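Down below is the structure, laid out as C-alpha cells.
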C-alpha cells in the first residue's frame, strides 16, 4: 500500500486558499489524489489527500512547513494532518446486543485499524471478544458508581492510547466529563432516523406513529443526547404488517451498516465538523 | 374495464371472519382478486376485492345482503363498500407552488377520477387550471376572514359533490370544523420525513440539523397539525454540499411522487385507518 | 412461542378456493394470522398461516384432512404444509469470502434454524466455523474431481438430513445432478443486480460500464447459471469516484443483507415459485 | 443571480495541474465555489467553478488567457468553458407518452433553459406544447422517409441554434449521422436499469424475469443502442403482485425523475465523459 497524507483545513473564507494549498503540494511533488472544498457561514473547509511516494518533505517536517508556508498566511485557520500509514486505535463499547459488534469485528481486516479493547457494562458479549482475541473489560455500571466506572473507562482508554471510541449499541449515557476527553471522537449509532424518535425505544415509537420508513443514524456524541453532528443515515421501508419485532429485526441491519459507514469515513479522515454538522468529503 | 367491488371491513378479532366473507362471495360467484387482512389491538381489518363480472347480486343489493349474511354475525363491525365503476370526485387545494398540481393533473387520465374544481388562496396557478379546463376558485384568505372563506370552500365542496380533498402544497391550516366534514378524506403532503421537522420551513430545519437524508410525508389531515395518519413516505439522499435551495429542489420531486402514491392508494380503496395509523393493503 | 402451521397452495384458478381453505380452518378453530393470494397465468397461489393453539386437528392429521376436505376438490392442486415448531436444517457452502458467513452465523439465534455443517472448497474459513462450534468439511475441488467431490457433498447433506442449502459466496458452479436433488432448495447470492452482469467479476463489469447503482441478487439455483428464480434484490448508489475496490466493499454489505433476507423468507415459508419467478408473500 | 464560469478540463495525469488552475484563478481574483477532480486510466479530469463578480478577466478573454497560461503547459489537454449567464437552448423530442414532457415543462422556470421547439413523430402531444407556448413540429417518420425526416429535424435544430437535445420517451432510433452532429449532446431516458433489459418493452422483460426492483437510466445517445455513457439511474421496489401495468405506472415516475436529474446535471455543466462513462461532479 502506497502511503498518503491528508490535510483537513478550515479557515475564514478568502481568495486563493486552494491555490496556496495546491501550490505548496506541487512545490514538493505531492501528487493530489483527492481534493474537496466546502464554504458555509463564510468559512472555508478543505480536504486534500496526496501521495507520499515522491513527496519532497519528510513526514515529520510536513506540519512545520505547512504552518510556515500556508497556514500562517490564512485567517482563523485550523487544520489536522493524518498519515495513512499510521494505524488508528479504536475502542468499542457494547452492552448486550451483538449485531453491531459482530459486524465491526467481521470487517476488522478491511478497516486497517487496531482494536486494543472492548468495554462493556454486561458480560454477555465476552465470548465474541474472546473469539476475536480482543481484551474484554467488564465494568458493571449502576446509578451509584457511574462516575467512578467512567474514570476506569477513561483510564483504560488512556492506557491503550485510544484515538476514538465506537458505541456499538452501548446502552448507557456518557457523562459530559468523559465526552469532553474525546471531542468529535466518540461515534454512536442511534436506532432511528434522527431527529425523529430520539431517546428510548425508537422502534416502539415508530410503530405507534405508523411511519412507513424506519432509519438509523450515526453521529458524534456530544453532551446533548442524540443531538450530535450526524455522520451517516440510512432507511428501510416498512409496512403496517411489520410488528415491533419486525422493525427491530430490519432496524438491526440498518444500524450495523450505518455505523460501519460512519467508522469508515472517520477512519479515512473524511469528516470535518462545523457547528453541529458534519461535512463528509 | 371489468368492474370490481371492494369491501373494507373492521371488527373485533374473532374466529372465522375470513371464512364468512369468502363464503359469502363464493356463494354468489364473486371471483376474489385481492384479499388482505391485518390484526392489531385485538381488532381485525380486511380488504377484499372481487369481480362483478359474474357476481350474482345486483350492485344495489350487495350491501343489504352483506349486512344480513355476514356483518350482522360479527362483533363491533364497521365496513365500507366501493364499486370501481363509480368514479370518485376530488377537489384540489393549492397556494403558489405548481409542482404537485402539475404532477396530479399530468396523470389525470391514468387516475380515473373527476376533478370538478381547484381552490386556491392565490391567483398564481389559475393559468394551469385553465390549461387543463378545470374551474379555479380564488378565495383570498386572511386572518380576519378565515372562517367565512372556509364556509365558502365547504359550500363549493358540497355543491360539487366532492368525495375527497387533496392539499397540494396548500399553505393554510384548515380549521377543525372543515376537517370534521371530511374525516380521513383530506390528504396533505408535508415536506419532511415526519415526525421529524413538523411545522414551518422543514428544509431549513433539515439543513440546520445536517441530516443526510430528506423526506416527504403524505397523511390524512386531522385537527393536530402534521400529526394525522401517515399514508406514504419517501426519502432522498443529500449531502453537506446541498444548499437549502438544493434541498427544496430535490424535495419537490419527493413531494409530488409521495402525494401521487397516496392519492393512488386512496382512489383504489387500499387504506383503512385505525387510531392514528393507516393500513395500506 | 406459539406454534403455527403454514400451507402453500397452488392450483388452477377457479371460484371459491379461498372460501374452501378458510372454511376448512374455521371449522377446526384455526385462527388465521396471515392470508395472501396471487393469480398468474390462470393459476392460483395461496399462503395461509394459522395458529395451532386451539386448532382441532392433531399435527399428523392436518395433511390427510386437508387432502380429503379441500385439495381433492381442487383442479391441478399442489401444496406443502409447514409447522413452525419443526426447526429446518440448513447447510452453508463457502469459499474464501467471510462476510456472508459471518453475517449468517451472527444472526443464528434470531433465525430459528439448525446449521449442522459448513462445506468449503478452501480451508480459509475453518476458524470461523470453529468459533461458532459448527463442523467444517473441507472438500478440495478441482477440474478432475468435481463430480466425485459433489458426491461427497451430497452424502454429507443426506447424512445430516439437510432441508436446504445456502451458497454464501461459494465460488463453484454446482452440477445439474446436485441441483436436482434440492430443487428450489439451494439459495445463492450473486453480486450484481441480475439480469445485469451475470457470470464472473460483476463489479469489474459494473465499473467498466459506469453504472450509477450496483446491486446484489439472491435466487434459487437452477441448472442455468444466474438464471434461477429471484428471491430478493437490493441496490446501493455509487459514483465515478468509487474504484472497483470501493464497489466490492459497498457490494459486500448488499450481498450479506440480501442473502439474509432471502434466508429469512425461505425459513418462514413465504416463497412460492412458479415458472422462473418467486412470489414472496 | 451572480454569474459564474465553469471549466471542464481533461488531460494526461501529471503533477501540479490543480495548482496551475487554481493559481490562474487566484491571480485574477476568481473565487472558487466548486472544485472536483478525478483520475482514471492515467488521465486527469477537473471541474472548477468560480465567481465572475470580481474576476479580473473579461468574459471574452478568459479562454485565450487560460490557453496561454495553463492549457499550453499541459499534455494532451482538452477543456470547455461555460458561463452561467449564457442560457443554453434545448430541443425536446417526443412521441406519444406525456409524462416526461410534462415533467420537463413543469420545471422550465427552475431550469434556466430556453426551449425553442418540440419535435415529434406523432401529433398526440401538440396540445401540451401549445399550452406551454412552445412551437411543435410534427414530422411523421416511417421506414421509407427516415433519413429525409432526420434532415428536416437537423435543419430545425440548426435553425434554432440548439445546444442539446432531450429524447423524452421518443420512440425512434436516431441514425448515426444525426447523433454525430450532437456528440454527447443528446440525452435519452431508457425505461430499465441498464445494462439489464435493453431494447424494446423492458417492463415486459422485467415482469417475465421476476425482478424485485425496476429502474430507469438516462444516458448520452451513441450509435450503439442503449449503450451510451450513463448519466443517472434510479430504482423502485416492486413485487409479484405488480402487473406489467403496475410496473409501467411505477416506472413512469422513475423515468421522469431520472431524466430531469440528467438534464439538471447537463445544464449545470457537471458532466465529463470519458470512454463510455460519465463523471458527474
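Residue numbering begins at 1 within each chain, and the chains themselves are lettered A, B, C and D in the order written.
In the analysis below, a contact is a pair of C-beta atoms (placed from the backbone, for glycine too) under 8 Å apart; a residue touches a chain by one contact, two chains touch by 3 or more.
Everything numeric in this text was worked out from a predicted model, so none of it was measured.
K.L.:
Supply the minimal count of touching-chain steps required to go from subunit A to subunit D.
P.N.:
When the steps are counted carefully, the minimum from subunit A to subunit D is 1.
K.L.:
Specify the angle of rotation obtained when superposing subunit C on subunit D by their C-alpha atoms, rounded to a multiple of 5 degrees.
P.N.:
With C-alpha atoms aligned, the rotation comes to 180 degrees.
K.L.:
If every chain is reduced to the average of its C-alpha atoms, which one ends up farthest from subunit C?
P.N.:
Computed centres place D farthest from subunit C.
K.L.:
Go ahead and note the Å separation of the Cα centroids belonging to subunit C and subunit D.
P.N.:
42
K.L.:
Measure off the straight-line distance from the CA centroid of subunit A to the CA centroid of subunit C, and report it in whole Å.
P.N.:
Computed from C-alpha means, the inter-chain centre distance equals 36 Å.
K.L.:
Spell out, as numbers or ranges, the residues of subunit B touching 2 or more other chains.
P.N.:
Residue numbers touching two or more other chains: none in subunit B.
K.L.:
Per the contact definition, I'd like the list of subunit D residues that touch subunit C in the complex.
P.N.:
38, 40, 193-197, 209-213, 215, 229-235, 239-241, 276-280
K.L.:
Would you tell me which residues of subunit A are touching subunit D in their complex?
P.N.:
Subunit A reaches subunit D through residues 15-16, 18-20, 22-23, 25-26, 29, 31-37, 39, 237.
K.L.:
Quick check: in the complex, which residue numbers of subunit B touch subunit D?
P.N.:
Against subunit D, subunit B makes touches at 98-99, 102-103, 106-107, 110, 131, 249, 253, 257, 260.
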